[in-house]
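See structure below.
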Amino acid sequence: MARETEVHLRGRLSRLKSLNLLRGASISGELSRLQRQLEQTAEPTDEEIWQHVELARHEDRPYTLDYVERMFDDFIELHGDRSRAEDPAMIAGLGRFNGRTVALLGQQKGRDTKERLRRNYGMTYPEGYRKAMRTMDLAERHRFPMVSLVDTPGAFPGVAAEQHGQGGAIARSQALMSRLTVPIVACVIGEGGSGGAIAIALADRVLMQENAMYSVISPEGCAAILWRDGGEKVKAAAALKPDAIHTLELGVIDAIVPEPEGGAHTDWDEAARLLGEALQSSLEDLSQVPGEELRRRRRDRFRSLGVYSSSPSSTTSTGLSTEPAPARK
Amino acid sequence: MARETEVHLRGRLSRLKSLNLLRGASISGELSRLQRQLEQTAEPTDEEIWQHVELARHEDRPYTLDYVERMFDDFIELHGDRSRAEDPAMIAGLGRFNGRTVALLGQQKGRDTKERLRRNYGMTYPEGYRKAMRTMDLAERHRFPMVSLVDTPGAFPGVAAEQHGQGGAIARSQALMSRLTVPIVACVIGEGGSGGAIAIALADRVLMQENAMYSVISPEGCAAILWRDGGEKVKAAAALKPDAIHTLELGVIDAIVPEPEGGAHTDWDEAARLLGEALQSSLEDLSQVPGEELRRRRRDRFRSLGVYSSSPSSTTSTGLSTEPAPARK
Amino acid sequence: MAERIDISIEHRNLPEQSANEKPHPNTCPDCGSHYRDDELAAKLWVCPHCNHHFRVRAKERIRQLADEGTFVEEAADLRSEDPLAFFDMRPYTERLVEAEQETGQGDAMVIGAAAIERVPCELAVMDFAFMGGSMGSVVGEKLVRACESAAARGVPLVSVTSSGGARMQEGILSLMQLPKTVCAVEDLKDAGGAMISVMAHPTTAGVLASFASLGDVIVAEPGALLAFTGPRVVQQTTREKLPDDFGLAESNVRFGHLDAIVGRRDLRPYVGRVLRLFSRNGPGN
Amino acid sequence: MAERIDISIEHRNLPEQSANEKPHPNTCPDCGSHYRDDELAAKLWVCPHCNHHFRVRAKERIRQLADEGTFVEEAADLRSEDPLAFFDMRPYTERLVEAEQETGQGDAMVIGAAAIERVPCELAVMDFAFMGGSMGSVVGEKLVRACESAAARGVPLVSVTSSGGARMQEGILSLMQLPKTVCAVEDLKDAGGAMISVMAHPTTAGVLASFASLGDVIVAEPGALLAFTGPRVVQQTTREKLPDDFGLAESNVRFGHLDAIVGRRDLRPYVGRVLRLFSRNGPGN
């Protein structure tokens, strides 16, 4: 692991020092705390990464509607895709957030068995993404900024979901987000499960809570394929590095939102307060940017993600792209 | 019927004399012929109106794809609503029309029993209107003018169609047409059946073939409600006046497209040539108008439709609005 | 399957009953309880026993929704013409006169400026008592003027619909009220305006297929029939077995067409909340 | 139902077969006929007996589609990095070297300028032979550059996909290739450009859920598996009985997701026709 450690420490140091958001007004108060945590978890062990996965999935962790309840006034939920169905795994709505109307999206898991079944464990059908898309249209028309809370094991892998166009719905939801000219802030508040997550996370600012995870595949799924043994999920998680710190290092997220000591599940009110502050800070930053410029920067942000070299055979030893990433504000 | 006759003759004379389109370059050659026909059918009898209904529904009448075959080069049909289904009652496609790419919409009836069932007798499901809408989006993005051929008894009245949002789909299809900035020409080529027809007929120019019909309700349905006897369809048709001449008089359509002597079913090639000329003439007119202006005029055109008075009790004896209709080009 | 299928945009979606044995209008069709006018009015015309929502007249609906004294009616002088000289069993003009005498209204929609929970808005409320709430030229024109008034004053439009569809006595012109009202709503939206659509029983055919479905937020009253084609015509033409809740608000919300079902007692606060969210003069916007 | 359900974006949608007893690649899996390379190449790698569409390598696909001598490859020098220092049973770097040695290609996509039936276009063609056509940073970057090249030259983009999904060895960065490619296609569309998406077997997971689904026209080859989640994972997680044609092109066209299924022999003229329709320099446009 020697080479990995070196690469990552180097990357981490250089990246963290240049992150704009962490220096932002209202998150800066948390900076020392974050740095303390970063030091504590300087190079997390496999077990520590796995603990993050377990916290991200903790059954007492606050879900989208728990935050909505604490952060929004006059909230109304929007139901249905205006076409075929209402998908309870996807919440859409409008509410007052610090005095202004914002549009909200977010997956919703269930708290007890009955609600889990009803919410399909937070796994969205294409109809859920279509509800999200009509909400985006609504937000765009009325110039409502958008907040998107990501918390899903993934898009639902069922026969009907496939027949109704799961892949196309995820693609088109992203395409629509890339066209909006209103500010969009996304935060992964639990599980950021692959395509099901990115469908509502093509945002101007992408945040992650300290103990959230964001991954292209579940550790279990990855283990089943690469180790041919689903039981190797701890190793797979260590390899995938789905934790907030690694995700930040790779430039995939813009900032980490602190949680109460011990995790969001220990104090929902405090978790909501911290999340609300981070969202507000991001929305304030973005509200200064004209819509077309916002969209331009949003696309450039995602355009810059990826690590590759231009040499005919791979010789670079750093994990960073050999092409400079476009500057972001 | 004395008062009716007087009102209509007066209306017909005043309107026909001021119609722009009939004076348009490539339709003008047909004017004398049209006028001859108008005179022949000066005040059609109940039976004559019913004959129009029967011609509009004639089973040998050319359908949308018959015209497509004769008018378009390089035609490709677009299938599916990208969401739940493919509706064979609605044709969508792209093709070269006189050298330029246009987007086509049109209902399609079946020629034999098997195809009739497959095409659902030209009665569209919500999925058909959603396919139409995605085609409109495509046309708008690529600046393709649109041609819409209307030929439907109506939107399908079934349980699934209702559950999938027939009313909302018709409303949203119209809304999208009202937002487009590309030229749209619609022509009723057979039955213009109520909501199912208007869903794809919110156009800059609305034409009707000589023997087509356009109505808010089928004569049979009207008879069943108002006469409490579906057999009174001839009387109902006479009351509804769904024929092209009456529809033109009311300002609902902009011009009548001539058919071959005896009706379109007698000579498909000639019917296609005449339709193609009318479409081309309209598209040429419209191509001069900037997109935003086109949309403004399109909305104003429909905004002006309706006949009412502003007096507290109705005293006007003419069938024309007491408010002047906005000028149209 | 017959080759010709007739589709009615104007199908009267009334409960099954013959004209001869109409129950008393104040008898609850769901539970049979009977009330005096003042009893029902005090309960917003909702059956206190079983929650059945009686139809309410336009002016009564406005009383229930608008802040007292805020409603100012517009375009009250518009009257239907008879462009087709339509005559079935009786002349259309006669039906119009009778409807106005019976209802005290000029046509099936009332529009005007109002405030709900102190947020200014424009109201457009249909009245089923006037020829089944059918939409002809006057309803279309009034809806357009309501959109224009809302845009001019920069306030949201709240529509409350109750309609059997287009008014076939105006022929093709009644169908044209669909695109006409659609264009008006789109103009309002282009001007940055919002529209809240409240669907009351029944919202069907041409009204469902035009402006009523274009609300930024769409809600319905419990038990309301919301269908493009009503159950009887669907049954007759397709011979399909209809689900028990065919076309009802409860079915529509399940199929994704409604944001919510809102009982009449909650309607005023709900609309107030939505108005605050869309109000351009609200704090922070 | 287990409370935790695992969803793989990288599920290898290979036909059922163990690594040990792979049939010969030139044996038709549908009818068992066996062919020499030159026989299949002459038939565009379509079984002359049963119409089974064999997978074709990227360069072969380009030979089939592009006018002879018109293809000019771009960005051929891009190579994957190993940002996560990913190590499962073997290091990712080792897998990459091996894939390049086996396929003679730098990664799973080839892009470049070309003409099809004399209409200039940009081609982006995936190669399943390179790590299952998985999309990592290089595939994402190449697709972006293809979009940029198409926009710069004012020509349509034609993509031909064949992919098991995102390349999990690049972790979250592989997921980010979804929004990255989506943004590139939207940029192309904003520039007035068109995109034609041809889905070959298999087009799944992250590729289906990003650029491949955004074509102005979307077609697929017969029998191609087009699914966000492949049949094995769906079966395992939901225990649903799968329809026989689950996820196949034939099912997708029925459910409204494809404009057409186009056999390989018709693909070149079909794409040529679409290109003429979208070509901005065509007559009359």
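Letters A, B, C and D mark the chains as written, and numbering starts fresh at 1 in each.
Convention: a contact is a pair of C-beta atoms (placed from the backbone, for glycine too) under 8 Å apart; a residue touches a chain by one contact, two chains touch by 3 or more.
These numbers come from a predicted model, not from an experiment.
In this structure, the chain pairs A-C and A-D differ in their number of contacting C-beta pairs, and the larger number is found at A-D.
Chain centres here are means of the Cα atoms, and by that rule the chain farthest away from chain A is B. Separation between the centroids of chain A and chain C, computed from CA atoms only, is 42 Å.
Our note on geometry: chain A versus chain B, Cα centroid distance of 49 Å, whole angstroms. Separation between the centroids of chain C and chain D, computed from CA atoms only, is 51 Å.
Note: centroid distance chain A to chain D, computed from Cα atoms, is 27 Å. For chain C, the set of residues that touch two or more other chains comprises 255-257.
Shown for chain A are the residues in touch with two or more other chains, namely 82-84, 164-165, 168, 172. If the chains shown are joined wherever they touch, the resulting network has some other arrangement, not a path, ring, star or complete graph. Under the touch rule stated earlier, the contacting chain pairs are A-B, A-C, A-D, B-C, B-D. Across the complex, chain A meets chain D through its residues 3-4, 7-8, 57, 116-117, 121, 123, 153-155, 157-159, 161-168, 170-172, 174-175, 178-179, 193-199, 201-202, 214-218, 220-222, 224-227, 230, 235-236, 239-242, 246-247, 250, 252, 298-299, 302-303, 305-314, 316, 319-321.
By the touch rule above, chain C contacts chain B in their complex via residues 1, 3-12, 77-89, 93, 96, 106, 136-138, 140-141, 144, 166, 168, 170-180, 182-187, 204-206, 208-214, 226-229, 233-234, 237-238, 240, 242-243, 246-247, 251, 255-257. Taken together, the chain A residues at the contact with chain B in this complex read 82-84, 126, 130, 164-165, 168-169, 172. On the chain D side of its complex with chain B, the touching residues are 189, 192, 194, 216-217, 253-260, 270, 273-274, 276-278, 282-285.
Of all residues in chain B, only 74, 76-86, 94-96, 98-101, 127, 131, 138, 141-143 touch chain D in the complex they form.
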